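Before anything else, here is the set of structures, which you'll find just below.
Here chain A shows up in two complexes: once beside chain B, once beside chain C.
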Partner chain A sequence: MTTLHKVNTDDKINDEEINCLKEEIALLKNELNKKIGLLKIKQKKCLTNLDVSRYSRQIILPEIGIEGQRKLKTASVLIIGVGGLGCPSSMYLVSAGVGTIGLVDYDEVELNNLHRQLLHAQHNVGMRKVESGKLSLNRINEDVNIVVHDVQLDGHNSLDIFKQYDVIIDASDNLVTRYIINDTCVKAGKPLVSGSAIHCDGQLTVYNYKGSVCFRCLHPKPQSPETVGNCASAGVLGPVPGVIGVLQAMETIKIIIGHPNVLYNSLLLYDGGDCDFKKIKLINVKRNGCICTKNPEDITITMDYEEFCGSKANDKFKTLCLLNENERLTVLDLKKLVSEKQSFLIIDVRNKIEYDMCHLPHTINIQLNDLKNEETLTKLIEKINSFTNTKPNLVTICRRGNDSQRAVNELKKHSQITNKVNWIKDVIGGLHDWSMKIDKDFPIY
Partner chain B sequence: MENSDSLKITTEFTSGLQILFGHVKKHNVVLPKMEKPWTLGLLLFWIKDNLLIEKDKCDLFMKGNTVRPGIIVAVNDQDWELLGNLNYQIKNNDNITFISTLHGG
Partner chain C sequence: MTKVTVIILFFAQARELAKLNKTTLQVPQTLFVHELRSILVEKYNLTTIGNIFILAVNEIYISDNLRITLQENDVLAVIPPISGG
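Coming up: the complex of A and B.
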C-alpha cells in the first residue's frame, strides 16, 4: 500500500514536470518560428553571402551593384502566359534573383508547344502550364517564390492579381487578353512590358511607364479578327519568341533597378528572317480621351472584351458553320466511303507545305485559293470527266474543317462541276478529327 | 519647288504585311511629279494601285482613306502620328514603313 502510494506521488510529479517541459518547448518553438520568420524577412530584404556569390557576375556591373540586386530580390513580377514569350522571360528573371514571380495561364502543355516553350519538358505534356513552369523555375532557383494563378485572365479577376506585383509582363497570345492586361495596368498603375511574336517577326515595347502611352493610345480600335494572325495557324520559329522574351526580361530588370533607358515611347521590331532590328519612335503624348488619361478610380475594366474585339481570349481554333448538315461527312462516313471503294475524288485544300507534312492516301492537293484559278478548275474538271462509268462524289478536306466548307461553296459555283458529280461534301473536323477518331498515328499539328 | 518634282522614296512592309506585296519587304519607289504635294494620304492610294499585289485583300491594308486598325506607319523610323498623319508631306529619300502589330506569343 505504501509503495503504491509512493509510485502514485512519483507519477504525479513526473506528469507535472512533463507538462512543464512541454509548455516550455511550445514557447521555444513559438520563439524559434518567430526568429525564422524574422530571419526570412531580413534575408528577403538584404543580400546573404550566398546571394552575393550567386549573383556576383551581375552585381559587379555598375548598373546593378548591391543596391540593384537588393531591388531585384524584393521585386515581384507577374508574367501572363507561360508560352513562347513567358518561358524565356521567366527563366531569365528567376535566374537574375527576382524575389517573386507570378505565373498566369489557363492552359495545358501540348506536344506542339515544346519547340519554343523551353520550360516545359516532354514528360510534362498534359500538365497545367503554371505547374510545369513552377517546377522548372524552382529547379533553376529554389530561393525564388513562384506564385501560380491557374486562371483565364478576365476583367473581373485581373485587378486583384495585378495589385500583388510591381511589373507586369504581357506574354499572352491574343488581342482580347492584351486589352484586358493594358486596362488593368492603367487602373493599377503598373508598368507593362509587352512582347509579341509570330512567324519570323517579333515586337517589343513598354507601356504605361513614366507617363508613357498605353496600348490603347496606339490601338484605340481593335483590328478585325481576320487581320490577326496566331502561332497555331501562321506558325512561329522557336528562337523568335525566345529573343523577344529575353528582351522582355531585360526591360523588366531595367525597370526594377531604375535604369534610365527603358524602351518606352518606342517600338522595337525584330525581323528574324533578315536578322534586322529596328526601333520606331512612337507618339509620346497620350491619346485624347484614352483610358490612361482618366482617374484610376473612374476606370472600369468590366467591359465585354471578347465582344469589343470580335474574337476570343485565346488563340484556339474557331469552328465555322457554313454548310448544311447534308453537305457534310463525318470522318466515320469518310472511312466507310473509302472502304466501300465507291468512286470519289478527295480534294485536300490545305497549303502545299501542310499537304507535304502529312496527308491521306488517294487525295489530291488543290489549295483553297487556287480553286478560283481557271487553269486549276479546267484540270479538275478533266479529272472528274475521267470517271467514265459513274458520276463520282467530290469530298473536300482540310486541317480542321473550315476551309473545306469554303471549298464546297466555291466548287458549287461551277455548273460544269456540279453537273458531273453526284454530290459535293466536306469532312467535319477535317484531318484533326481523322487523327482523333480514326487513326491516332496521323499527326496533329 | 521640291514638292512638284518626282520623289525617290523607299517603302517597307514588315511584320507579315509583305505577303500582300508579293513577299517583297523593301520597295524603291519613284513618285511621279504632281501639282499638289505628295502626302501620306495620297501615297496610300498610290500604293494600293501600284504596289499591292493581292488586290482582293486590300482590306488587310486599308480601311476607308487610311490604313486599317492594327497598322503603324513610320516615316524615317518615327510614328506618323508625330508628323501629321495622312497630311504629312513626303520628302525626297523618305523611308516609309508599314508595320502590322503582332499579338501572338
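Coming up: the complex of A and C.
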C-alpha cells in the first residue's frame, strides 16, 4: 500500500516536470516560428549575400543599385497570357529577381506555339500553359514565387486577381481580353504595360501610368476580329513578340524602380520587316467621358465584353454557317467520293503559301479572292468543260470550312458553272477535319 | 485650294491592304483629320479598318476633330491596332 503510494507520488512529480517541459517547448517553438517568419519577411524585403552575387551585374548599374534590386524583390507583376509575349517578358522578370510573378492563362500548350513561346518545351505539349510556364520559370530562378491563375479572365474575376499585384502586363492574344485588362487596371489603379504582335509588326505602350492615356482613349471602338486578324489566322514571326515581350519586361522593371523615362504617352511601333522603330507621341488623346476620367468607384467592369467587341475572348477559330446542310460534305463523304472515283473537281481556296504547305492530292488551288477574277473563272470553266462524258461535281475546301462556304456562294453566281456541274458543295471543317478524322499525318496548322 | 505633297507610312494591316510600305500623296494643305482619313481610306483600300486606325503627323498623334495644316513632306502614319500576342 505504502509502496503504491510512493510510486504514485513519483508519477505525479514526473507528470508535472513533463508538462512543464512541454509548455516550455511549445513556447520556444512559437518563438522559433515567429523568428522564421521574421527572417522570411526580412529575406523577402532585404537582399541576401546570395542575391547580391546573383544580381550583381544589374545592381552595379546606377539605375538599379541595392535599392532598385530590393524594390524588384518586393515587387509583384501579373502577366496575362503565357504565349509569344508572356514567355519572354516573364523570363526576363524572373531572371531579374522580381519577387512574385502571377501567370494568367486558360489554355494548353500546342505544337504550333513552340516556334515563339520559349517557356514551353516539346514534351510539354498538352500541358496547362501556366503549369508549364511555372516549371520553366522556377528552373531559371527558384527564389521567385510563381502564382498560377488557370482561368479565362473576365469582368467578374479580374479585379480580385489584379489587386494582388503592382504592375500588370497585357500579353494577351485577343481584343476582348485587352478591353477587360484595360478597364480593370483603370478601376484598380494599376499601371498597364501593353504589348501586341502580328506578322512582322509589334506595338508597345504603358497605359494608366501617372495619369497617362488608357487603351480606350486610343481605341474607343473595337475593331472586328476578321479585319485585324490574330496569330492563328494571320501568322507571326517568333522574334517579333520576342522583341515586344522583352521590351515589356524592360518597361516593367523601369516602373518598379521608378525610372523617369517610362514609355507612357507614347506608342512604340516595331516594323520587323524594315527593322525600324518609331515612337508616336500620344498628345491630346485623352477623351472626355473616357473610363479613365471617372472615379474608380464609379467604374463597372461587369459588362459583356464579348458582346461589346463582337468577338470571343480567345484567338480560336469561329465556325460560320453560310450554306444549307445539303450543300455540305463531311470529310467522310469526301473520302467516299474520292475512292469511288466519281468525276469531281476539288478546289482548294486557301492562299498559295498555305496550299504549298500541304494539300490533298487531285486538288487545284484557286484562292477565294481570285474567284471574282474573270480570267481565273474562264480557266475554271474550261476545266469543267473538259469533263466530256459526264457532268462533274464541284467541291471546295479550305483550312477550317468557312472560306469554302464563301467560295460555294461565289461559284453559284455564275450560270456557266452551275449549268455544267451536278452540284457544288464545300467540306465541313475543311482540312482540319480531314486531319482529325481521316488522315492523322496530314499537318494541322 | 492649296495642295501639299505628304509622305505616308503604312503599318501592320494597313500595309497589307494598301500593298505599300510608303508612298507620297497630294492632299489639301488645310483640312480636318476626319477628311484626311476619308481620303486615305478611299485611295488605299482601307475600308475594313477605316474607323479604327490611328493617324499621326510627324510622329505625333492627331485626333479626328482637329483641323490641321500640313507642310510639304510631312510624314503621315497610318497605324491600325494589333491585338495578337
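Note that the second predicted complex is superposed on the first by the 411 of 445 C-alpha atoms of A that agree within 3 Å, B and C clash if a C-alpha of one lies under 4 Å from a C-alpha of the other, contacts with A are read in each partner's own complex, and residues count from 1 in each chain.
Operating definition for what follows: contacts are C-beta pairs under 8 Å (C-beta built on N, C-alpha and C of every residue); 3 or more make two chains touch, one makes a residue touch a chain.
These numbers come from a predicted model, not from an experiment.
Trainee: After the match on chain A, would you call chain B and chain C a fit or a clash?
Mentor: clash
Trainee: Between chain B (first) and chain C (second), which, if any, makes contact with A:241: first, second, both or neither?
Mentor: In the superposition, A:241 touches chain B and chain C alike.
Trainee: When the two structures are overlaid on chain A, which partner does A:392 contact: first (chain B), second (chain C), both, or neither?
Mentor: neither
Trainee: On the A-aligned overlay, A:171 touches which partner chain: chain B = first, chain C = second, or both, or neither?
Mentor: In the superposition, A:171 contacts both chain B and chain C.
Trainee: Could you look at A:282 and tell me whether it touches chain B, chain C, both or neither (first, second, both, neither)?
Mentor: Touch partners of A:282: chain B and chain C.
Trainee: What is the shared patch of chain A, the residues that chain B and chain C both contact?
Mentor: The overlap between the chain B and chain C interfaces on chain A comprises residues 81, 83-86, 171-175, 178, 195-199, 201-203, 218-219, 221, 223-224, 226-231, 234, 236, 241, 267, 269, 271, 274, 278-284, 315.
Trainee: Within the complex, which stretch of chain B touches chain A?
Mentor: 14-16, 25, 60, 68-70, 72, 74, 77-79, 81-82, 97, 99-105
Trainee: In the complex of these two chains, what residues of chain A are touching chain B?
Mentor: Contacts found on chain A: 81, 83-86, 171-175, 178, 195-199, 201-203, 218-219, 221-224, 226-231, 234, 236, 241, 267, 269, 271, 274, 278-284, 315.
Trainee: Considering the complex alone, what residue numbers of chain A touch chain C?
Mentor: Checking each residue of chain A against chain C gives 81, 83-86, 170-175, 178, 195-199, 201-203, 218-219, 221, 223-231, 234, 236, 241, 244, 267, 269, 271, 273-274, 278-285, 315.
Trainee: Which bits of chain C are touching chain A when the two form their complex?
Mentor: 9, 11-13, 15-16, 21, 48-49, 51-52, 54, 56, 59-61, 63, 66, 77, 79-85
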